[in-house]
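Look for chain A in each of the two complexes below; its partner is chain B in the first and chain C in the second.
Let's turn to the complex of A and B:
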């Protein structure tokens, strides 16, 4: 089980990479927990999660090779 | 004829006044249009902790953003009777005083253009994964927050 992670905005200042890979997680809650273990500073930020470009509000099942994006508050325009 | 093709929204750097002028000129052939409404977002020289913003660097989740722009276009076309609609947003560095967002709505009568234009701008700010980093004179920066 391999999940591709994309990191944007101020969250990039924490991870220092725009892409990473997380293995052996089954859903978005497990994924978030694993990410926070790896980057504790992430817990200080509010961010949305998009699975394959769709924002998910609730814990969501992940499939192999899914792309999950970590999206801090938008500030376009 | 309704013009609702899927197209690229992002433009590298500032959106130039000449590009905007050319866009207006390109509509002179569409004789059924009676009203255009245009919104231009301009980078502002905010003062934050006694430092002045000199530019904003925009980044985006481009694939998702293009999808969102497409959905916004579809929803607005479904809701309002428009002739055409164009949205452009900068990516990369835009200096203060330069244009970073260009929304151009055309309809037969003014009301639809006004209403649709406002709705698009609000939706873009709310739904599209774009981030602005405000850059100061000393090259330090903070992430922008939308009000």
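Let's turn to the complex of A and C:
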């Protein structure tokens, strides 16, 4: 099980890469937990999650090779 | 239209033509914020012949604005943006009406103002205004063209516009139900911004507005695009409607008038996650307070704390030491948040946090790590 992660906005400051791969997670909740284990600072941020470009608000089942994007809000104008 | 030559090049487009030009002339667009996003949006809307443009901004032009807000020039420094913008736009296109609103948008004035327009462009620079504008547009059923920028990244999207086929209509709250923690927010004033970026995003906002008004092409309704200027990449996100009952936003006019947007966007700073709590505990001395009633479970022996049940809390606040930062916990995080609010009211100078999701979430987090 391989999930491709895309990182946007200020979350990049934590992950230091805009793309990474996470293995062996079955849903978005497990994925978030695993990401926070790897990058504890992520827990300070709120971000929306998109699975294959679709924003999801609830825990969502993931399939092999899915792309999950982490999108934080920013307010600059 | 006094002089058709002005719009000749866009009228030539067979998808656009005289019909679309007439729709623009009859349209009323309100631009919130005449800054990095608002300026380019305003310039293109005025140039394209949008007949009625409102500009809301209470700020004045500063020298540091000029690298991106190219509607203004040196002689505008110190002048009110709404007035300076209106003057410049009138000389660009004297055939349209421009109304500057030189005040800050609030719950009290926004409904009346927005109701006079067909479409709103959000070029504001703070979360409180963004949630306020979104909620007002939802209440008044006005399409909202959203844009936001940070460093080399920009977001643009269209909210509150029904998709003709699916009949779906989403808004900012479906994308970001709640504002981020104020401590995690990076401001363009602190981290910088390349001037071209708001030029691109603001121009895209003007384009979306023109497409919506004239019904040409495919708009970004129920979508946002993220643009990265450093690697020229676009990524789009489809916004899916969620059950509105789970999202705390004002659903009636009186709810809206009573909603405190400043508080909504700043109150999260009173909460810390289990991870932040542990980090804080490792690094400094804290005053930790359990506000659960006597004998409530789970039992906590992992760290030292004082026990003051919420029922006796207010009468005991004066005894709390404010020498260290204070962290309050209960089972789920709601009683502790009330306790923190009381502390803030009575001792405004101290730093107090509520443990988000309570001691149960903290226990869960720490057992997961052990396993």
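Keep this in mind: the second predicted complex is superposed on the first by the 73 of 77 C-alpha atoms of A that agree within 3 Å, B and C clash if a C-alpha of one lies under 4 Å from a C-alpha of the other, contacts with A are read in each partner's own complex, and residues count from 1 in each chain.
Going forward, contacts are C-beta pairs under 8 Å (C-beta built on N, C-alpha and C of every residue); 3 or more make two chains touch, one makes a residue touch a chain.
None of these values were measured; they are calculated from a predicted model.
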{"item": "Chain B versus chain C as contact partner of A:76, first or second or both or neither", "value": "both"}
{"item": "When both partners are placed on the shared chain, which of chain B and chain C touches more of chain A", "value": "C"}
{"item": "First (chain B), second (chain C), both or neither touched by A:63", "value": "neither"}
{"item": "Partner chain(s) touched by A:50 [first = chain B, second = chain C, both, neither]", "value": "both"}
{"item": "Which of chain B and chain C A:40 touches, first, second, both or neither", "value": "second"}
{"item": "Which superposed partner A:8 touches (first chain B, second chain C, both, neither)", "value": "both"}
{"item": "Which superposed partner A:26 touches (first chain B, second chain C, both, neither)", "value": "neither"}
{"item": "Touching both chain B and chain C, residues of chain A", "value": "6, 8-10, 50, 53, 69, 71-77"}
{"item": "Contact footprint of chain A on chain C as seen in their complex", "value": "33, 35-38, 122-127, 130, 147-150, 153, 155, 174-181, 183-188, 193, 198, 226, 235-240, 242, 246, 273-276, 279, 368-369"}
{"item": "Residues of chain A that touch chain C when the two form their complex", "value": "6, 8-10, 33, 36-37, 40, 43-46, 48, 50, 53-58, 69, 71-77"}
{"item": "Chain B residues touching chain A - in the complex, by the definition given at the top", "value": "41, 58-61, 63-64, 67, 89, 100-101, 121, 124-132, 143-146"}
{"item": "Complex contacts: residues of chain A adjacent to chain B", "value": "6, 8-10, 50, 53, 69, 71-77"}
